[in-house]
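See the structures that follow.
Two complexes follow with chain A in common, the first pairing it with chain B and the second with chain C.
After this line comes the complex of A and B, so read on.
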């Protein structure tokens, strides 16, 4: 078993920056990620910096277990690996939220984040023709990138109206570089003549010969469709996303204290500004700590890596403190911008009211809204009761896709004052599905020692 | 219209794959889910209870909708790099009454 000072789970911008910061103080660091390489699609320079650092990287490794003593178990291309660490930094990023609508499980309907991955790292257009729907800055990013690469965007359906975007301008001014980027995207979209439907949501998707037919409806500020003129759009890919929820399986599993924050995207581990949670030597970094976006994630995660080094008693603490203080200004600016973007994507509690009774909420177990409502009416007033009664959240994704929506539905049906009142799905190991074969590896039956038979 | 973007990240080298013994072509660097999606293969599995068609959704290893058999082993298509000669099979619906 390998031993490290720090284990970092998640190799996006946050996990990579936290790893580099911790390693720069002389600590031994192990970095785990499902993906084959670091930094997602964000930063090639960062990837080079990581490659030339002392961080031990475990890419293409799926972490399936984390214990209270910070033992990490993962499965990689060469089979199972495990290590222990003194401290653990969770930078597991987010899960995209898609508020279900009729037909959202139809093949060809994908997440906004999925479309961005297709465009940025797979070199693919999402479709021959695409409808981009939902909310937040990714709408423009995905539509513009599709157009720039010769694709066709039939329409953009934005839950936010123009006034909602204008309200974010003061905060966006904190990051003129990112504001300029956003303006470029919108210029590309306007030049292509792509219609943008503000305050509209997708209410239905159905197959129509080789295309998908999407029905758009005007909606109110919370995303509830209004009984007004419907618009239909034909496209072969429907891209939809309603913001992101922090991925908190690991901090929930380790019983850190959590709170629900609508502005931060959902449940988050209670943490200080450097990511220290309520559990000793357990840290959260990046969007997993609350949605702030890639730019703020990087700065905050550097601080988390340094704070972790400080807490572990790394050499020259006064120098560490100075390094941390020098990052505070950048942290404040980046976080301000990140919070404004997160606000555009923050879920409105009433949005879940738009889900029709027959629509599937839990994709893994095919649980509909009507079944969730029925369980609630029959007395399931806590998320784990709901899970036990309906199987909602019990499937292979462990409730990552449906958990946030099921929580909204339950809270509203029960008439609970807050999401805290209905709780969250307990996180369980294995964190990701893992086959027994992957854990045992190749073996010869003859090599398995047979214990002595018990005396009769 | 072609789905593939000409950019500096992709050499354009073609990678032969098989889906249920049907030959398909991926481009080097793509994952299996993206390669199938670009080839027009949208439905990858059938849901456990209602037996509805499902396909690639999150593309980041979270939603589990792109679970297929790759060279005889269960794997998420979106987490598997397309390499020459991979045999991909869709997983038949279970007979379990759930």
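After this line comes the complex of A and C, so read on.
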């Protein structure tokens, strides 16, 4: 079994920066990620920096268990591996939120984040013609990239109105580079003549010969469709996303303290500005700690890596402190920008009210809104009761996709004062589905340490 | 959940502390027998052992002396619509307990014989007969014990079924209310809710039933009764949906495996391999060696499981007394106070044993005896059970 000072789970910008920062202080660091290489689609330079660092990387390794303080179990191309570490940094990123609407599970409807990965890392168009819908800065990013790659964008349906965007300008000015990038995207979109429907949401998607027909409705500030003129758009791919929820499975599994923050995208581990959670030597970094976007993630994650090194007693603590203080200004600016973007994607509680009764909320187990409502009416008052009574969140995704929406529905149906009052799905191992043979390996019957017989 | 935070006026006829299968069943039958019942549960109904267990309804893992209770309990689960009002998807299936080595075969024979003596219809089968019942079985099996009284339920649905039934019967349910203190005043018991709550909960009742599972030990301490209750931390593993790979309920001779495939295609693997946890922290985490061991055993028994993907692993707390036999009956030295719990593999026999205690408390005669807790209570006066119940 390998031993490390620090294990980092998640090789996006946050996990990579945290790993590099911790390793730069002389600590041994293991970095795990499902993907075959670091930094995903974001940053080639970062990938090179990581390759030339002393960080031990475990790419294409799917972490399925985190136990003790701390043991990490993963399955990689060569089979199961495990290691122990003194400290653990969780940089597991986010799950995209889609507030269900009629037909959202139709093939051809994909997430904004998935579309972005197709475009950026594989250069693939999500479809020949695309409708881009939902909220947040990814709308413009995905639409512009689709156009640049020669695709057709039929329309953009944005939950936010122009006024909502204008309100974020002062905060966006904190990062002029990113503001400029956004303006470039919008210029590309305007040049292509793509119509943008502000304060509009997709209320239905249905197959129409070789296309999908999407129905758009004007909506109020919370995303609730208004009873007004509907617009239909034909496209062969509907890209839709309503922001992101921090991926907290690992910190929940390790029973760190959590709180609900609508602005941060949902449930987050309680943590200080450097990512220290309520549990000793357990840290959160990046969007998993609360949605702040890639730019702020990177700076905050460096601080987390350094804070972790400081807590582990790395050499020259006063120099470490100075390095941390030198990052504070950049952290403040990046976080200010990140929070403004997060606010555009923050879920509005009333948005879930728009989900029709017959619409599926939990895709793994085919649980509809009506079934969730019925369980609430039968006396389910917290998320784990709801899960047990309906199977919502019991499938292979473990509620990553439906948990946030189910929480909104439960809170509103039973009249609970807050999301805290209804709680969250207990996290369970495995963090990713894992085959039995990957865990059992080669063995003989006699090798199985069968415990003492139960009493007769 | 009840909105009645502090019941005024007359006390309840009975307060049941602990909303698992045992407590819920006692509460249900007492309410149907005409009592005003308060049911007090620290979490949600049937969210601990009663809701997270493997749902195995078997005689192969039941202690021999509990066989008659388990057979009645099995029947009750299969007919849950009739007495509970809704189903927990109880499904009969052939039950096979397996032996792969000679010592296991000897154990299998001894155990089958003991269970038969207590009324179980268990036959010993040669390899071919066992494989005929379960074609996916590893052909290395030497011998199997077969029982037609076997099957499984979806334990996670238990809380929902009882919730509806209890409310219909007029039971006042206090969920998320951990009993913090019990007083005896003016001839009744007063149960205090959590001390931290802004609006304190006090529930007065003439009778008290302790049904707190692994939390029985601290509950007893509130009445100055010392009983040791051991906490088992049982590991459970479920796969994703897969095509049919088995049609029976499988276990092994020594009881350390249970396996069945539900109608939705998921295969649930249990058997009581231990994880880390206790009653203070709840279930904490699995022990890697035990996880691998349990899965190896499951895969050995049913080789088709090799390619299955595990989707969820969890732990459930089970209570056990010093002699691993139940505690069900009147508490010695206390008027109108009762206990029910620590029934080995208690999910199967739970409804029946709960009904027996309710019948006893209502003064009815019962078909089978209870399990006098006096034997377990340190320094208990040597009174027979009847002196306190009549």
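The working rule: the second predicted complex is superposed on the first by the 439 of 456 C-alpha atoms of A that agree within 3 Å, B and C clash if a C-alpha of one lies under 4 Å from a C-alpha of the other, contacts with A are read in each partner's own complex, and residues count from 1 in each chain.
Rule of thumb we're sticking to: a contact is a pair of C-beta atoms (placed from the backbone, for glycine too) under 8 Å apart; a residue touches a chain by one contact, two chains touch by 3 or more.
The shown structure was predicted, so the numbers you read here are calculated from the model rather than taken from an experiment.
With both structures placed on the common chain, the touch criterion links A:356 to neither chain B nor chain C.
Look at A:105: by the touch rule set out above, it reaches chain B but stays clear of chain C. In the overlay built on the shared chain, the residue A:119 is in contact with chain B alone; chain C does not reach it. In the superposed model, A:170 lies in contact with neither chain B nor chain C. Applying the stated contact rule after C-alpha superposition, one finds that A:433 touches each of chain B and chain C. By the touch criterion defined above, A:395 lies against chain B and chain C together after alignment on the C-alpha atoms of chain A. When the shared chain is aligned, chain B comes close enough to touch A:150, but chain C does not.
In the superposition on chain A, contact of A:384 is made with chain C only, not with chain B.
Within chain A, the residues touching chain B in one complex and chain C in the other are 395-396, 433, 435, 437. Interface of chain B with chain A (complex): residues 1, 3-5, 7, 9-10, 27, 29-31, 34, 37-38, 42-44, 47-50, 52-65, 67, 73-74, 79, 81.
Within the complex formed with chain A, the chain C residues making contact are 1, 44, 47, 51, 61, 63-64, 100-101, 107, 110-111, 114, 140, 156-157, 159-160, 163-164, 167, 173, 175-176, 239-240, 252-256, 272-274, 284-286, 288-289, 291-293, 295-300, 305-314, 324, 344. Taken in their complex, chain A has these residues touching chain B: 34-36, 62, 95-96, 105-111, 113-114, 117-119, 121-125, 127-128, 149-152, 247, 360, 363-366, 395-397, 400-401, 432-433, 435, 437. Across the complex, chain C is touched by residues 65, 67-68, 71, 73, 82, 255, 375, 378-382, 384-385, 387-389, 391, 394-396, 398, 426, 428-430, 433-437, 439-441, 443, 445, 447-456 of chain A.
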